[in-house]
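Each of the next two complexes has subunit A plus one other chain: subunit B in the first, subunit C in the second.
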Partner chain A sequence: MNKIMFNKHYTEIESDYFANSAEILKASGKYLLGIVAADERSINSKFSIRYFFGGTDGGGIEEYCVKTDESFRSISKICPSAKMYEREIYDLFGLLPEGHPDLRPLMLYPENWDSSVHPLRKDYNGVIHEMKKYGGYKFKEVLGEGIFNVLVGPVHAGIIEPGHFRFSLAGEPVLQLEIRHFWKHRGIEKLCEGKDFNEALGIISKISGDNSVNISISYLEAAESILNIEITERAKYIRVILAELERIWNYVRDVAWIFMDIGFALPAQNLFALQEELMRLNKNLSGHRFLFNSLTLGGVNFDMDSRKLKEIEDMVNKVENIIKDSEEFILSSSSVLDRLEFTGKINKKTAEELSLCGISARASELKRDTRAEFPYLIYGRLNLKPVILDGGDVFARTALRIKEIYLSKKIISDLSSNMPEGNIAVSCESKPEAFGYAVGNSETSRGNAFFYIMADDKGKIFRLKYIDPSFRIWPSIQYGVLGNIIADFPLINKSLNLSYAGNDM
Partner chain B sequence: MFLKKLLFKNKTQDIAPESGEGSVLIKGDELKLLVDKVFGRSLFVRLVDSGSCNACETELAALSNPYYDLERFGIKFVASPKHADILMVTGCLTRNMLNPLLKTYENIPSPKFVITVGDCAETGGPFKDSYSVCGPVSKYLNAAVHVKGCPPEPKAVISAFLKLMDILKSGKQEKLPD
Partner chain C sequence: MNFNGQHLIIGAVQFFIIVLLAPFFAGFIHKLKQRARGQKGINIFQFYINFNKLLKKEIVLSKDATFISNVAPYIVFVTYLIILLMLPAFYRYSLLGMSSDVILIAYSLALATFFMTLYAMDQGSAFGGLGAAREWFLTVLSEPSLIFIFISLAIYTKQGRITDIFYVIQKGAENAFLTGSGSSAVSVAIPFLLFISLFIVSISENARIPIDNPETHLELTMFHEANILEASGKHLGLFEYGSYLKITVFLTVMSLILFPYMAVNLYQIPLAFMVYFLKMIILCALIAGVEIVNPKMRVFRVPNILSVSFILSLIAMILSIRRF
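And now, the complex of A and B:
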């Protein structure tokens, strides 16, 4: 059993003191996993703000809880990664982070929303204000002779999700990039409140479609530990195989886009064709090209017989061969290396300060892989060694993806040759403890997906918070592009390949 | 070496050896004939994601892979709405995306047609009751064709183009949107 015991590390603390603790935590090598606010006025007449810290020593997750009425001390100056969470809390709960350097609205655009609306407060009456301009949004400005701005989005060229990018340039190099996101804010957290755990899974699987399985696994880790459900060994194996399959098709597509963006259409299309084959395999296995509805509370929705396992085995072998060719090509072509190396460099220090996760962290020398840090399902038994590279540039991220395809292939091959017997799902009639809560973790193809779920006294969801890896990583791109030419931005963006849907929620 | 190997090894026909009723090629050939006729050999599409989970975008991007290769039938996704004939919309339409969507629509020269893609664009999907969703798209724009599915498979999107061509050819599109 690899469920992490959370209450073990639970500390309740005054907001004013927590700033000091955060400094100590950071000095001891811990990093901020996320901040979760909740309106618990119906339970203890306070709002709670929970800070989750992780460390690389395998010590699990530490939770610090601050109770407040209307404001709390900002820790953004100590942990820069807290900045976005605190802005989010200010927006959705109306709780003021004292001393925060930047309190511009994040998801509720002043162009559309009255600033008195805080939808995640339990007493929010659902009134939707008329659609009109209530205020403006002030972008950061770079002033000086010869400085000009390039504005891109929200509707981009090509088949991409919406986001607004503002480059300030002097000549070719980028002096500043400011990103404005949350165009696709769908209000998923509020939507899940009051739903039962099964209903919510349907919404959760559509947070970010290309990472549906891995995000659902994270949700199920939390939900099943609240409901005290222990799934069968066989279900765990199937979940891991599906998770790794999803990772492989994501990585294949990511590498293909890198080729596309440096003008190598042929190797790119080769990999796009491979992606299509992987998605057709998904369809053969589950009936859905994105493996939607494959997982269920208490197990999985379909079994894997030897024929299906053989199909998967053959496919991952094929992937390995094709990717090997691509790897060789990257390493042997100076025109590819010229575009990839030293482009979009994110320093280790920046990665640390922004609490990055996933590929972006591992390409910048940080040992962060949820599968090894906070093992779930059967990952703890696999003794995974996270692949770490030190370049921090587009090349490192591409090379890392390739290496991880081999790793995922190995995991799938190992598991499919010794699948345990048993049922694929257990019944789940148990009721959750009133106001019990749990967190769940998983490693998606982008990084750590984090869930916090609290049940109410009727067995429904009281508060659900999801932190997407993209939410953590997006700010880092603003540092990655500095000094690069604007023409390299699409490449840098693709090398991180973040989700807008997961970020905006 | 690797490029050479690719160039001579994999031809599109080898990768996508499909034939028979409903295959990409047969549908595509039919489509090409109609695109040639109705749109003078080029049909340009501008996509706006109004709040999807990105699965729809992944499938639309897949239309360019060697299995489907939509451009060989004369259909192209373009960067600017000013170049487009068709506005394709995915997603549940969030409040924040309403203005960009309408602005994009305004900037497409007439005659123009809307295709909505995916269940979210039709009904709002699982997100329809959210405070920050003001869709579905049909509240603001009339779609000539809707593609069902969550997300629709690439072949379904090709069929939707065929359907649109049929509607336009037969003049069944009663009122052209302004």
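And now, the complex of A and C:
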């Protein structure tokens, strides 16, 4: 089996020994990027479980591969962030993580699904079972005098995706929050199997609409490295500019919603208007407000002439000015600070244990920014210094977004003035090596987007796994709300602004 | 007070006009806020349309609901109607002016809140209970201020009925103005203190920013709305209309404390009505202004601002007693 990975180190290991290795890895400052299982019985008659570890020191990604028939040792007790992946693998592959503390079904609801169905196994025949109650789901219970539960969702007020939040309260303070997600599992991983790389891009770019470009970049990093495509310098520049534009409009919207959730509609509306202008710019550039279909295998779909670059530069300058006003406004307004500071604090230790990424990690003092840790496209040459804040609270996350808007603006300005000449796309006729695989990384506005792709012997996708930053960060809210009152939950939730769609593929 | 047919008729007309205007005032505040934010804003008569729509919709009740749920919306609505029946606005007498005792008004407000929270709990959802607890948290904290405001008014004017109280204030102001003798510092200070104190209480009682956010869809942050989250159809319509009536009650009292001008005969009514309407518009703008420039505060900071209101009303009461 061939491995085409970038800057990476591969070890095949026995499941029982891996638990020890995980401990050593953790002690050396590495953290879990993701666990990817695959049904490789047609290749070597085993399932494989790949653990990807990364570190902030620039050591690249380390891969540990465990082969198994039916079970593997759980590392959840060592790396709590492994918990969700292992539950997912138990659901979708039916491989038992031995010693896992919580084996309740994650995605295939026992209320609807027979527990013997494992859709990601290659021999799953696609028959949809009769929708009936096969079992129940047991929530954690909090007992005591005067303690009650408030259940929110899965259907929410407003236009929000489904998620069930179960608060155990003693009056206003939250004693425990339990989240149940995965209400609208789309089966994207299974859907992509057997598709060619171009076809899959169309699906991938719509996993989570507001991060279409950055998620596509992560996918293309993996796909292009399997296909041995080296894209032109100009295409790289355009990809980075689009990625940073997407980041900016996401952050502008996020900051606007923070204002909205503290009931301060005046500054929020100002930023919503700015978001609208950014989306119109997107439409001018790409023909789509969310920049869908901007990227293609081997390059990008449209060029940026000097007029378009000028338009972009004017816009980001405008954004910088308006955001500067907002920043001043936040810092000078005690009533705003009072709402944001010390609310929803995620401790550094918690962030580490849960392997957080993106804004949530950087606001809790963790130096995690894919653009600097595992540089892709031209980020390696930009010498980015990740912005780190230490509060871990809503204020830190808001301030961080504002600071990153400045950073993105600077990147765009630098690049648009030094745009190299060249084609925007190269042809991609090459066939991938049979069962070659690769991983791709990118930094979305929420954090690290991680792709694992393996090709089959016909040049199609054999196994595709996407790990969204939201999947990694969602559990952290359960810790962030502790010590807060329930009335502040919407604000804490909004300060992380996680995706339901990306989380639930 | 001699009670004749003219007072009855004008009192009734006054009542109907205010009841009909209530959704307009609420809509006006909303529109003003939206325009200030650069939004196009709702139709200024939107709340009439909403009420009409809600009346036609079916009522959905929780399976745990008892008869309380069926009567509470009516009790809440009628209670506010009765308060408005007692209140003068632009005419010196009101229909129930004879029994418009200030303590009765204060506790009628509490009665409406009581039934609204009963409704919330009767639906059997855990969040209704939390909403009811939050509502009482506010009401209990603002009740002392409200009582002190009304009692200081009573002591200040040596009257028990709200119609007489405002008439005495009006007379006092007229005398001071006509004779040119001016008013003492104390008699100016008391209405101002009471006005500010009542303004804070109104913001808290009427679920306004910075204490509550009437526009939010985030159920977990709600105070007032948390109570009527389960209400639907006509019940919701009555609760909504009740909340318009409630803010009208508070605004009307505020308008009379600071600048009482009520007609005493038929000919003064047009001018008095215009003055009343203008005062209400200004007060609506004031409420909207406060809502625009403030974010919602943390729940447990609310006692701070209500204690300011309480201290102000306490000072006003001490001043009224000294003057007495």
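What we mean here is this: the second predicted complex is superposed on the first by the 497 of 505 C-alpha atoms of A that agree within 3 Å, B and C clash if a C-alpha of one lies under 4 Å from a C-alpha of the other, contacts with A are read in each partner's own complex, and residues count from 1 in each chain.
Simple rule for what comes next: a contact is a pair of C-beta atoms (placed from the backbone, for glycine too) under 8 Å apart; a residue touches a chain by one contact, two chains touch by 3 or more.
Since this is a predicted model, take the numbers as computed values, not measurements.
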Partner chain(s) touched by A:266 [first = subunit B, second = subunit C, both, neither]: both
Touched partner set for A:275, first subunit B, second subunit C, both or neither: first
Partner chain(s) touched by A:335 [first = subunit B, second = subunit C, both, neither]: second
First (subunit B), second (subunit C), both or neither touched by A:230: neither
Subunit B or subunit C, by number of subunit A residues touched: B
Subunit B versus subunit C as contact partner of A:314, first or second or both or neither: neither
A:414 touches, of subunit B and subunit C: first, second, both or neither? neither
Partner chain in contact with A:14 - subunit B first, subunit C second, else both or neither: neither
Partner chain in contact with A:325 - subunit B first, subunit C second, else both or neither: first
Touching partner for A:390 - first (subunit B), second (subunit C), both, neither: neither
Those residues of subunit A which subunit B touches in one complex and subunit C touches in the other: 157-158, 266, 269-270, 273
Partner subunit A, residues of subunit B touching it in the complex: 2-3, 5-7, 10, 15, 47-62, 64-67, 77, 79-81, 91-92, 94-100, 104, 125-127, 129-134, 150-151, 153
Of subunit A, residues touching subunit B in the complex: 107-109, 111-113, 119, 124, 126, 128, 131, 154-155, 157-162, 182-188, 190-191, 202-203, 206-210, 212, 253, 266-267, 269-270, 272-273, 275-276, 279, 289-290, 292, 325-326, 328-329, 332, 499-501
Subunit C-facing residues of subunit A, complex: 148-152, 157-158, 169, 171-172, 259, 261-266, 269-270, 273, 333, 335-336, 338-339, 485-490
Residue numbers on subunit C that touch subunit A, as the complex places them: 33, 36-39, 126-127, 129-130, 133, 209-210, 213, 215-221, 292-301
